[in-house]
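We call the chains A, B, C, D and E, going by the order they appear; numbering starts again at 1 in every chain.
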Amino acid sequence: DRSNRTPPHPGAPPADAASTASQAIHIYCAASNQAVLEPIRQAYERLTGTSIRVQYGPSQTLLAQLELTHHGDLYLPADESYLVTAKARGLVAEILPLATMQVGVVVKRGNPKGIVQLKSLLADNVRLVQASPDAAAAGKIARDHLTQTGQWAAVAEATTAFRGTVIEVTNDVQVGSADAGIAYDAVLHSYPDLEFVAIDALRNAIGKVSLGVLESSQNRDKTLHFARFVAARDQGLKIYREHGFHVSDGAPGLDVPELSVPTGSMFGPASQR
Amino acid sequence: MIEIEDATIAAGSFSLRAINLRVETGEYAVVMGKTGIGKTTILESICGLRKLRSGTIKIAGVDVTRWSAADRNVGYVPQDLALFPTMTVRQHLQFAMRLRKTDATKMKQRVDEIADILQISPLLGRNVRGLSGGEAQRVALGRALTFGPSVLLLDEPLSALDAATRQAAQTMLREINRQTGVTVLHVTHDPSEAQSMADRRFCIASEDGVASVQVIR
Amino acid sequence: MTLQRTRFRRLRDVVFYFVVAGLSANFILLIVLLLVADLLFTSPTEFIAALKKPEIQSAFRLTMTSCTIAAVLSLWIATPLGYALARYRFPGRAVIDTIVDIPIVLPPLVLGLSLLILFHQPFPFSQWLFPGSDWRLETWLQESLGFQVTFRWPAVILAQFAVACAFAVRTMRVTFDQIDPRAEDVARTLGCTRGQAFLYVALPQAWRGMIAAGTIAWARALGEFGPILVFAGSTRFRTEVLSTTVFLELSVGQLDAAVAVSLLMVAMAIIVLVTLRWIGAGLST
Amino acid sequence: MTLQRTRFRRLRDVVFYFVVAGLSANFILLIVLLLVADLLFTSPTEFIAALKKPEIQSAFRLTMTSCTIAAVLSLWIATPLGYALARYRFPGRAVIDTIVDIPIVLPPLVLGLSLLILFHQPFPFSQWLFPGSDWRLETWLQESLGFQVTFRWPAVILAQFAVACAFAVRTMRVTFDQIDPRAEDVARTLGCTRGQAFLYVALPQAWRGMIAAGTIAWARALGEFGPILVFAGSTRFRTEVLSTTVFLELSVGQLDAAVAVSLLMVAMAIIVLVTLRWIGAGLST
Amino acid sequence: MIEIEDATIAAGSFSLRAINLRVETGEYAVVMGKTGIGKTTILESICGLRKLRSGTIKIAGVDVTRWSAADRNVGYVPQDLALFPTMTVRQHLQFAMRLRKTDATKMKQRVDEIADILQISPLLGRNVRGLSGGEAQRVALGRALTFGPSVLLLDEPLSALDAATRQAAQTMLREINRQTGVTVLHVTHDPSEAQSMADRRFCIASEDGVASVQVIR
């Protein structure tokens, strides 16, 4: 029941109206994408001089924030599912796919428990943790796939604990409170002590990272310009690849974004390098 | 002048009815009575710390029954002293004068004078923690004397003093009474003290919760 | 000598009441507005719907139990510790006085993480004491006692206790600081051991502080979230407490359900805290 | 009549000390172990590296400022409110006494959400008072005062204040509860207004409680995380406080950096709290 | 027997040297002296609440200087009473006996007996809050009498009582002293009280921080 939820305030000025930062692009970004977005932001700011204000947080918190404040330009959650929700609520105007992540098993480097397939996760001496299907996309994706193949009940039964985020799952394996965790491969980029094991049962379990352009964006042109920069194969996506995400080779037309804002003139030559 | 007319006071399960008492202006009245009879309770009613169940209290002819304690301009020396734990002795003596914005030199003079008579001058800089029983009692006495109240209520103010110090304090109290014309109500258990100080002596007794205030001649 | 009722003094009393009320109102108003904003945001049907879900009922039961256990444990530890800090001068007193505040300072996620590390990394000191040993608390607990902490209900209670107790200790410390030790001293002359002086003389004077410490510990345990999430996980029907429920509802974008569950927590807290105070007030007379 | 030194009584004193120490040790040991576990998990180089990052330095400054403001504000409100609750009987006292605890009970995320709702949804009551109005707090603040709260530093302070103040009020309440009102009464007979009795007589007796309330508020503000994240966001160099830093580091898998920053917070808290207590103890003599 | 030998006591900035005092077993000694001279401080040293700077204290021939207050088996009536705020009057009177596990009937009998003599029987069920000055003083007195101490230290125990009640209490104290042979050290400012009660009277004075204890004949 959201009958008493008020729709966006039609006459509301941009939240930044009074401040000089009104030129800045405000992006809500999942904290897990922080390592990727920071270099992209720096590159873009160097290139165009447009400042980007990034607000990091858990995806669901960010969703609540933009829903309640009707303010901001872009939304980059940890997983596309949040964008789907946001779109259904009329908060997102456009979705740009960026990268994908493989769901699989995270273990200590060297795979001491010898986990190679789903069955090894069910063993008694393996403490398995996974992201809560209710709280995190990875958990939901895993559940959906395993439910299809009828293995979910067994895996859920063997799971020692459900965690709030895949980062917590990974931390458990790192700290030693779990032997194996179900998480994205991209997460492992910053964990040299851990190893990713792709298992057959989750071969098709893939998480998508996408960027949403918000309805509340006051500066659509500039916002789109930055969004395309992030989605450009030789700019944002390059960095995504460096951080262990899988980048599709599709969406070629976006490689060289057209320049629709004056400041963008600095950008043209740079992008051709 | 203090006038209590047909008052009923109550504290918890204790109550005392039909209290009638009249002390003339400038008079030094001493009240005696068995322990637990209600002397302290009456004093607290006069100074405004306890509400009357019924009846009226007049000070200097004015009905103060519903006035707050702060307005009654009464100098009260409680039996339990109730010193301010964070203040020095000097701050105690200055307290009421500060509230009345007395000027500094006059205040200093008065504090020194009273401290001298009460023989607490060496203690002026001390915190009240650690004072002996008699010292604390004199601080409480001094605190109530500094600001020229219209009525003084003294609840066993000299009970912890040795004979010599007590004698000096008695003399001072009578002196203040005579000079400023302040009306005094002094509770004591010491018959000789009552005898020597009082213009008029009362004895409070009660029967079945009804008070009887007798003047002793 | 004339006696005049000084109007200005009554005026100043009134002004004082207004200043006190005005200052206090800042905070009270903030909370009331927050609550009303929440109330307007959700609806009674949300509320009822939330109450009916079996996972929420289970979370409710676990929350009640764990908060109560955590509060009782906190009080049990905080009373002697607060007394020791207020009464005795012993070496290390200042250190302990500071250590007590650390769980308040640690960010919630880190507290949870620290608990995880403590239970699952090689135990502190064990390597120094027994070189080469790889003694781990959780492994030991599980192998020798068959008792699992992490991701189970004991983890919930431990996480709540770690923070709630810190607040309870502070409260009891202030309480005993304000109680004059004189009565205990005199009790000693009558033949009391120190324990008896504490039990018979100091403790009964501290009941208001104990009620306050108990309620604060209970309330804090109820609101606890980060450490529980990290140390105990959020497994439905097993380690889900109401604050976790709120997080889970939020995760699926159910803002109003989340707010409804929070209001349920507020209602629950009001009932429990009022009852506790009422019992406390009853005991005092 | 012979006098014998009763050994058993000294023994029982020793037993009492041990029981007190033993109970207290449970909690102290837990915290020490947590800290040591953290320390072993990180390394001095991590620590130094963390200290050198400009965003962490900026977060450090914002944290210091905001915590201090929040603590001072809390004390400023909590002292009169605690006094009023302890001394005066007024209608609604029990209600206010309960309301005060609500920020402690609300899960952190929900407190942040409530603040967001309060500032960005139509203001409570405004629709009833002026039907059809769509008055929103944040919009109004921005349009008339040019002052933005959400996602800026005022949001950080407000979020910290909302929780810190609740703890400060509880502490001050306990403090004034334990102070005998008798001295204030007698001060009234000397001509004090109620305000003067509070200022000159009650307040100086409450200094220990005020130090405790101030430190607890400061510590709580430092550890605050959920509400800040939701209400103030975590924009680097603008609303990032140290607890947010910990979260951000944790989110990119920088476990040891997160732990290092937490230890920095612990160190910072120890310095500030010890200084505060030291000043407090100095004032008392 | 109480024996203080060449003791130095100190409290904050106050100190008193060369205290020598000897009260024989079963003797009823009364101590007088100017207010603030150090009587209370001496009593607190005897009962163990204050440490001696130097010197020794013997009770019944045993050196108790380093003993804790709990071991000295002394009945102490402090000047500030220090009643237990949460207890009833009956609990005060039972307190020391309970600690000594006295059996219930004997305890009840003793409590009733002492309450009767002190005229506080009607108060037995009351909490000590709200007691009048004299009532509180008698409770403090009763609390110290119940358990058969080997020494009684009374610090102005009758100062807040009216003449009749005081008389009864005096008689009782002498009676107890005579019957049980308890050694009593009684501080008072009332010369007639000293006169009528004492086997031996001391007067404490001091000069430059050196005590002189004179026996008054």
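The rule we apply is simple: a contact is a pair of C-beta atoms (placed from the backbone, for glycine too) under 8 Å apart; a residue touches a chain by one contact, two chains touch by 3 or more.
The model shown is predicted, which means the values in this text are computed figures rather than measured ones.
**Student:** In terms of touching chains, how many steps apart are chain D and chain E, taking the shortest path?
**Tutor:** Minimum step count, chain D to chain E: 1.
**Student:** So which chains are sitting against chain B and chain E at once?
**Tutor:** Intersection of chain B and chain E contact lists gives C, D.
**Student:** Using the stated contact rule, I'd like to know whether A-C or C-E comes out ahead in C-beta pair count.
**Tutor:** Ranking A-C and C-E by C-beta contacts puts A-C first.
**Student:** Measuring from the mean C-alpha position of chain B to the mean C-alpha position of chain C, what distance in angstrom results?
**Tutor:** Computed value for the inter-centroid distance: 48 Å.
**Student:** Could you give the separation in Å between the centres of chain A and chain D, each centre being the mean of its C-alpha atoms?
**Tutor:** So the centroids are 34 Å from each other.
**Student:** I'd like to verify one number: the distance from the centre of chain C to the centre of chain D, where each centre is the average of its C-alpha atoms, in whole angstrom.
**Tutor:** The mean C-alpha positions of chain C and chain D differ by 13 Å.
**Student:** In whole angstrom, how far does the Cα centroid of chain B sit from the Cα centroid of chain D?
**Tutor:** Centre separation, chain B to chain D: 45 Å.
**Student:** Can you list the residues of chain C that touch 2 or more other chains?
**Tutor:** 9, 13, 40-41, 113, 117, 121, 191, 193, 247, 250, 255
**Student:** If I count partner chains per residue in chain E, which residues reach a count of at least 2?
**Tutor:** Residues 68, 70, 72-73, 80 of chain E each touch two or more of the other chains.
**Student:** Residues of chain A that contact two or more other chains, please.
**Tutor:** 61, 64, 68, 171, 175
**Student:** If we use the touch criterion from the header, which chain pairs count as touching?
**Tutor:** A-C, A-D, B-C, B-D, B-E, C-D, C-E, D-E
**Student:** Which of the residues in chain C end up touching chain D in this complex?
**Tutor:** Where chain C meets chain D, its residues are 9, 12-13, 15-17, 19-21, 23-24, 26-28, 30-38, 40-41, 76-78, 80-81, 83-84, 94, 96-111, 113-115, 117-118, 121, 124-125, 162, 165-167, 169-171, 173-175, 177-179, 191, 193-195, 198, 208-209, 212, 215-216, 219-220, 222-223, 225-226, 242-243, 246-247, 250, 255, 258-259, 262, 265-266, 269-270, 273-274, 277.
**Student:** Quick check on the complex: what are the chain E residues that touch chain D?
**Tutor:** Listed in rising order, the residues are 59-62, 64, 67-68, 70-73, 150, 181-182.
**Student:** Which residues of chain B touch chain E once you look at their complex with the stated criterion?
**Tutor:** 11-12, 14, 32-36, 39-40, 79-80, 130, 132-135, 138, 155-156, 159-166, 189, 191
**Student:** What residues of chain B sit close enough to touch chain D in their complex?
**Tutor:** 47-49, 68-70, 72-76, 78, 80, 82-87, 95-96, 99-100, 143-144, 147
**Student:** Under the touch definition given earlier, write down the residues of chain C that touch chain E in their complex.
**Tutor:** Within the complex, chain C contacts chain E at residues 182-183, 185-193, 196, 200-201, 204-205, 207.
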